[in-house]
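Consider the two complexes below, in which chain A is the common component and chain B and chain C are the respective partners.
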Partner chain A sequence: MELLLDIASAVLLLTGGFFVFVGGFGVMRMPEFFTRMHAASLTDTGGAALILVGLMLQGGLTLVPLKLAAIFLFLFLTSPTASYALANAALLSGVKTACRNETGTQLPENKPVAAGSNLTTTPVSKVSASKTDTDKAVAKKTAKKAVARKPAKKAVKKTAKKAARKKS
Partner chain B sequence: MEWVYFGTSIAILVTMVLAVVRGLIGPTIFDRVLAVNMFGTKTVLFLAVISFLSGRPDFLDLALAYALINFIGVFAVLLFFQSRGVRREAEAEREADK
Partner chain C sequence: MMTIVFSLFLLTMLVIVAVAILRTDNLFTAVMLSGIFSLIMAANFFILDAADVALTEAVIGAGISTVLFLGALALTAEHDRSPPVGSWVPLLTPSALGGVIIFATFQAPRLGDPNAIVHKHVAPWYLEKTPELIDVPNVVTAVLASFRGYDTLGEVFVVFIACIGVMSLLGRVRPLRDSIEEGEFDKRTDNLRHHLLPRVVGKMLVPFIVLFGLYVQFHGDFGPGGGFQAGALIAAGVILYSLVEGGPRGRELVPEWFSSMLVALGAFTYTSVGVASMAMGGRFLDYSALSHDPVHGQHLGILIIEAGVGMTVAGVMITIFHAFSRRGIR
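And now, the complex of A and B:
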């Protein structure tokens, strides 16, 4: 029984180590950001699960497997959330993808990230799906400013008319 | 069993090094955040394996605490960078008004 547990946990741990290594290699070698995220999430799910379950088998009847289970649960709640937030932030600030659509043609706005630019920023308002509250607030501000500008323009016109009358 | 723990920890360490390299060369800020997040997750796994390798189960508590800190840290950085585009727009508008 002991030997069986040892073999099972060795297999799980080594497979997990392999998954982790492949994920790290993918993060190094993948061509652009979203594919790199895919590789990183491989290590977060496959690698972490296999390694933690492999350690749990070695814990015996103590508090150790419980703690490992807590780590497991926490990692599996947080890493998808962090991945979602990261992808969302990247998409909103306009990180370009190198992916193609169904017909195989390159997407029109696909341009390689300019070398040396630390962050590619397209204005958030240009992304159609990003009508956030902050956008609305900005829109309201601009509307208010436009209203505030109109009387000023009228005043300028009035003064110009007065000046014209004086001249005549 | 020692050599299994040893091999697993070596694999995790190599991945951590690769994550650090990606964080250093990563062209966008989000690549760097991704690398930091991955480094943190690998640290949790590494601590768990090391606790078995050295026979000290206290390390598991450190791993749990590190997982919590890592998650919150990544979220704080992301919130900062997510609102940066909006703030830049507002600043540009203010400049245009002057």
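And now, the complex of A and C:
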């Protein structure tokens, strides 16, 4: 029984740690404010919850799990609220999302753009036009990388411009 | 070993955050970073086994002072004016001072060294005599409230005087409520009433924060905590309510006459305990005279003066916050 509890709590702790790590990774890698916040907020709540439950299993029949449960409840309420408030404040103060590219490739396939209409300003017709069957495979590939690649592309362009200037 | 790794990590973070505060010219960012700085500092204090200080730092440094800074920021511009460049003197002074401090640390005793001077002076006496003379588990409370009662009285009066100073700077402005109607009132004041989620969750948390504050207040003899922390926590609850519902509604919950009266009342309570102990045949702030049993007298005295400290601290925080939020409207 003890062993089972230990294994369960170890699994929970490791998963929680993984969540938090992925969240941190997302904050580093995502291109702009809203996607970064998405990465941070979801994994933060989930990861903290998993870690706390894992710690509760280690606590045994004492007051410790109760205290941890209180922290759990507190975090479970406040963390998403804070994320909501942050996103709302960003939206109201006019932070623009960068999740908008001409082909609309970051949207899920086979779904109308309306589902993600707050993410993009691209008209529907344009998107569907670009998604011919031959394009589909390419689109899928770029969809995965579009988010991460965008700043890199800019940087490349910039350096290319600089080089051109130097030459001239 | 783990402690050292954690300390190293936290201290490194501290330096990074401090440099970031210096480098940013956006004051809003600087305020947020200073909150993070305080939070890291609180974790550091906790690692050094100073739970009471950690609690204070977390509540006041990371919580209330951030809000007060934001309140001050609402009255000024968001961006720092670019500082004058070209003089080497400002760089020279702190580096010389920093060099001296770093040089001094070579002479300092190692962390946790039992032979360090601070552990040889009065600390052993406190540790030895507390169970006998005062009989509370938390020695920090015993030292703060009883052995060093004079110092704490001085601190309470420092807070009291600081409040008077801030209030005389910020002044009193006529409240908004009288002149306008309800709907206009909600529109004119900066509150979060139209944001459902923060409003609901924030209001839900207020009673729990105040309850925790009361726990910290009355459990201070047994665990970390006491009047300073509890006062700040209760004030944090009231401030959260004011943030969510808007300053004017916060001023209806805890009116300004009440919070400023609380400031004076706390200092008065503390002092009157000292006078009472004199009247009952002891010396000033000698709680043993308060009851037939000296230890009981100590318990009673500590309870009352901690309540006084809590009242003053909570009153000061709420008063200053109200003063800021009242200025922010216009």
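Throughout what follows, the second predicted complex is superposed on the first by the 100 of 168 C-alpha atoms of A that agree within 3 Å, B and C clash if a C-alpha of one lies under 4 Å from a C-alpha of the other, contacts with A are read in each partner's own complex, and residues count from 1 in each chain.
In this text, contacts are C-beta pairs under 8 Å (C-beta built on N, C-alpha and C of every residue); 3 or more make two chains touch, one makes a residue touch a chain.
Given the structure is predicted, the values throughout are model-derived calculations rather than measurements.
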First, second, both or neither for A:10, with chain B first and chain C second: first
Which superposed partner A:42 touches (first chain B, second chain C, both, neither): neither
First (chain B), second (chain C), both or neither touched by A:69: neither
First, second, both or neither for A:95, with chain B first and chain C second: first
Chain B versus chain C, judged by how many residues of chain A each one touches: B
Partner chain(s) touched by A:85 [first = chain B, second = chain C, both, neither]: both
Partner chain in contact with A:28 - chain B first, chain C second, else both or neither: first
Chain B versus chain C as contact partner of A:58, first or second or both or neither: first
Chain B and chain C contact sites that coincide on chain A, given as residue numbers: 74, 78, 81, 85, 88
Residues of chain A touching chain C in the complex: 74, 77-78, 81, 84-85, 88
Complex contacts: residues of chain B adjacent to chain A: 1, 4-5, 7-8, 10-12, 14-16, 18-19, 21-22, 27-31, 33-35, 37-38, 41-42, 44-45, 48-49, 52, 57, 60-61, 63-64, 67-68, 71, 74-75, 78, 81-86, 88-90, 93, 97
Contact footprint of chain B on chain A as seen in their complex: 6, 9-10, 13-14, 16-18, 20-21, 23-25, 27-28, 33, 36-37, 40, 43-44, 47-48, 51-52, 54-55, 58, 62-64, 67-68, 70-71, 74-75, 78-79, 81-82, 85-86, 88-90, 92-95, 113, 115, 117-121, 123-125, 132, 134-135, 138, 141-142, 145
Of all residues in chain C, those that touch chain A in their complex: 195, 197-198, 201-202, 204-205, 208
